[in-house]
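First chain A sits with chain B, and in the next complex the same chain sits with chain C.
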Partner chain A sequence: MFDKYMIMETGFCNVFQEQEVIGFQLQARLPYYRGLGLSMVEDIRITVDGNAVPREAIRFTTLGKTYSLEEMETEMVGRWEFGEVATLTINQPGGLSSGQHEIELVEQLRISYLPFPSITKDKKTLAL
Partner chain B sequence: MTAVSGFRVGVTLHSFAQEYLNLQWSFEDLMQMAGLLGGGVEIVGPSHHRGFPYVTDEFECQFKGAVERYHLTPTCYGTYADPYMLQHRNLTPDELVEYTIPQLQGAHKLGFTLVRLQYFVYPVIERLLPYAEKYNLKMGYEMHVPLTFESPRTQELLRQVEHISSEHLGMIPDCGIFARSVPQFAKDNAVRRGIPENLVNHAVELWKAKVPLKEALDELTSRGLEKSNLTVLERFWGSFGQSNPESLLDIMPYIIHIHGKFFSMVDGDEPDIRFEEVVQALLKGGYTGWLSSEFEGNASDSFEVLKAHQEMLHHYIRANA
Partner chain C sequence: MQTKHNIKRGVSLYSFQEETFLRKMSLEDCIAKASELGATGIQVVSEQSMPGFPHLSDAFYAQWHEWMEKYGCTPVCHDSFLDTKRHKGRNLTEEECVESVIRDLKHASKLGCSVMRILVSTSPELMEKCIPYAEEYNVKMGIEIHSPWHFDQPWIQRHIEVAERTGTKHFGLIPDMGIYTKRYPRVMKDRLIRNGATPAIAEYICEAYETRIFCEYVIFEVRSMGGNALDIAMAESLRHNIWSNPKRLLEYMPYIFHIHAKFYDMVDDETEYSIPYNEVIPYLIQGGYEGYLCSEYEGNRHIQDISEVDSVEQVRRHQAMMSKLLGEGQ
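Presenting the complex of A and B:
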């Protein structure tokens, strides 16, 4: 029910390192009513203009700490707090071209009291 | 807005999830609104403060300050067991205890005298009771769908509560178990997700006929429901139960708190939950605790819909007093 809040309309940009574009970033929130330990974030899938981003290329940053999705699987202390904006950085040399891009974000969460994972999707067109 | 007799009506801040997540309303705003909605405030640990399962001194200050400013009564703190926290194994009993103790401590620190438990702590409850005593807390298992009165799990929990017979352990029924129909928004959501309307309607019929979930999903799949849409209709069974509110009278001595779950208000009434009968049972049973209005639906303004819900409750209280 909070799917539409997942992709933030702010913070979409290419990431530079010494004048080279090494990837791009977007900002995201949980579609869920409470914060979760990072080990409960089973998967984050990102598609740009119909092309899926490799899982290994995604880095997740919240409250000043950065994790790979694999690292998050066993992270029991770090949390994605309720309403907290996380930064997703995608390693992709050259980044994205300027102009509009269709971004699709899927967040797969393990819910402590439900027999199935929560899989929610948001799609927005963002401009670089 | 305190009730004329019997039980008191308050609110859980979970009701404001929409505006809170959207950053439209701050935590302070929610506390102020709780003051206008009966004064009893319930919070959900990991929704309303950071650093869960611990409560920081900073949040204690923020919470208690607002309690004073808006003349609130902290009613119930929502704990979590999160037994499936790890992908490859479940939490051990020791880990469940370790994860719950700081939550009990935190609830006490904030001035709560009640906590909501998830039933997963059932096997370790004896190890938690000393902490409930230490922190002067009543702990209540939430009877949330699928934990209707009829579910074997609920019966097992009730047997344990009766057996232990401690003033620190009871039950918290959630009114989502008293549905008479599937709310419109849930049906709309299913259609919006691309499920054909005839399948949605058929799912509603199966739900009404109390066909068990697995059997119903098999039937819906055989009629063409796509696998990727199973969870959407599964939610009918996972969110709306069909117990009879009169059953509350059977467990009255164990009820420590009520979640007044509701999904919408139409012309001053909740069309899908049997609230008049809930109120009748609570009055008849002499319930004197709190009922938290708990809104879970889509509304342009959660505050307004909560106000309408509480007006309805007060109307039923007056009519049945």
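Presenting the complex of A and C:
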């Protein structure tokens, strides 16, 4: 529904900690027409230039709170609100090289009234 | 033709989902716009328009009622959800489902909505268990008759049996006008072609839809034609689109207290490309329907890849069409 808006064109950057690059970040939204409890965000898959990022390396931040994908599975209060921009931080020492990168983002949602998981993809080339 | 009636026009704020998602319109903007377009009733998907749901403050509800007064609108319907799969690996228990429905009934009541939409996938057994709470909070729960379900579909018949047997005034039906999709929506076809469907096959599917060929035959035929994945997906979409006889509204009128006036593509101020409102509204008038017709625009997702979505203009045309068909100003 909002597939093409999943990956934000802004906010793509390397993440520094004490002058060391410890990973990179991108901003993302849900493709769904309402907000969803975090326990129903089954999976977030990120591929950079064809290489899949390990699930354990992903941290999800919304409304000031940060979760691993495993923590989200049992989170019964927090929600990813409709149209809300969340930050995805990927722990990857050294981050990404400067220049263009092809980012693919897959969001897998458990929507109760659908007989199958909702899997939506967006792909964008972003510059660092 | 009978023209006297007590049917009112409303807008579902769901119609402005593109602008809401992109933060081009706030909740207040949506209400103000609905009012400006002549609607007096407001329907809302709270989980879309009210961040923080279900933990909304008293201040929020106070603000909501201020807006209703300021823009001369009546809150009509809260579209509820039921997250039966909230937990990984297990479904909600029946008790948890009832709790969730009660949570939404309380919210609807605080909003001042007299009606709450229940997802069509919800069971008749659960609804029967919830009726005492709907009566307590004085909010009517309506099962959404959403395509491809229709009045005579066995699942819906079981819901109607519950309404009949209990005799309650707080459980009934909310038809979604998508069940009157007479032609395959043009915006859907065009989007599928842009994504890679074969134009000639897409044309065949539209014709097959209009001649009411059973969808499984069409799917098989498209496979035989060597259709690609999108051609097959389009053929399979016929399983989810239906045209049903609007005359059936008359029989079920005692159970209908709200209507989702779904639309995809207003061609001008008089025509929805695929849903012939002029063939449906006369039955609502004849049957003495007394609730709201709430515009529910759902075309944005099919055009956002090639054009700027203008939900406000679409709703304006839809309201103009309904106003005319309802004989307003005559």
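For the reader, a short list of remarks on this structure follows.
Methods note: the second predicted complex is superposed on the first by the 128 of 128 C-alpha atoms of A that agree within 3 Å, B and C clash if a C-alpha of one lies under 4 Å from a C-alpha of the other, contacts with A are read in each partner's own complex, and residues count from 1 in each chain.
Basically, contacts are C-beta pairs under 8 Å (C-beta built on N, C-alpha and C of every residue); 3 or more make two chains touch, one makes a residue touch a chain.
Note that the structure is predicted; figures quoted are calculated from it, not measured.
Superposition of the two complexes onto chain A shows a clash between chain B and chain C.
When the two complexes are overlaid on their common chain A, residue A:34 makes contact with chain B and with chain C alike.
Look at A:2: by the touch rule set out above, it reaches both chain B and chain C. Applying the stated contact rule after C-alpha superposition, one finds that A:110 touches each of chain B and chain C. Applying the stated contact rule after C-alpha superposition, one finds that A:73 touches each of chain B and chain C.
In the superposed model, A:119 makes contact with chain B only, not with chain C.
Once chain A of one complex is fitted onto chain A of the other, the partner contacts of A:83 extend to both chain B and chain C. In the superposition on chain A, chain A positions 1-2, 5, 29, 33-37, 39-40, 42, 73-74, 76, 81-83, 110-113 are in contact with chain B in one complex as well as with chain C in the other. Those residues of chain A that touch chain C in the complex are listed here as 1-2, 4-5, 29, 33-37, 39-40, 42, 73-74, 76, 81-84, 110-113.
Interface of chain B with chain A (complex): residues 14, 17-18, 20-23, 44-48, 50-52, 80-87, 118, 120, 189, 231, 234, 238, 298. By the touch rule above, chain C contacts chain A in their complex via residues 14, 17, 20-23, 45, 47-49, 51-53, 81-88, 119-121, 301, 304-305.
The touching residues of chain A, when paired with chain B in their complex, are 1-2, 5, 29, 33-37, 39-40, 42, 73-74, 76, 79, 81-83, 110-114, 116, 119.
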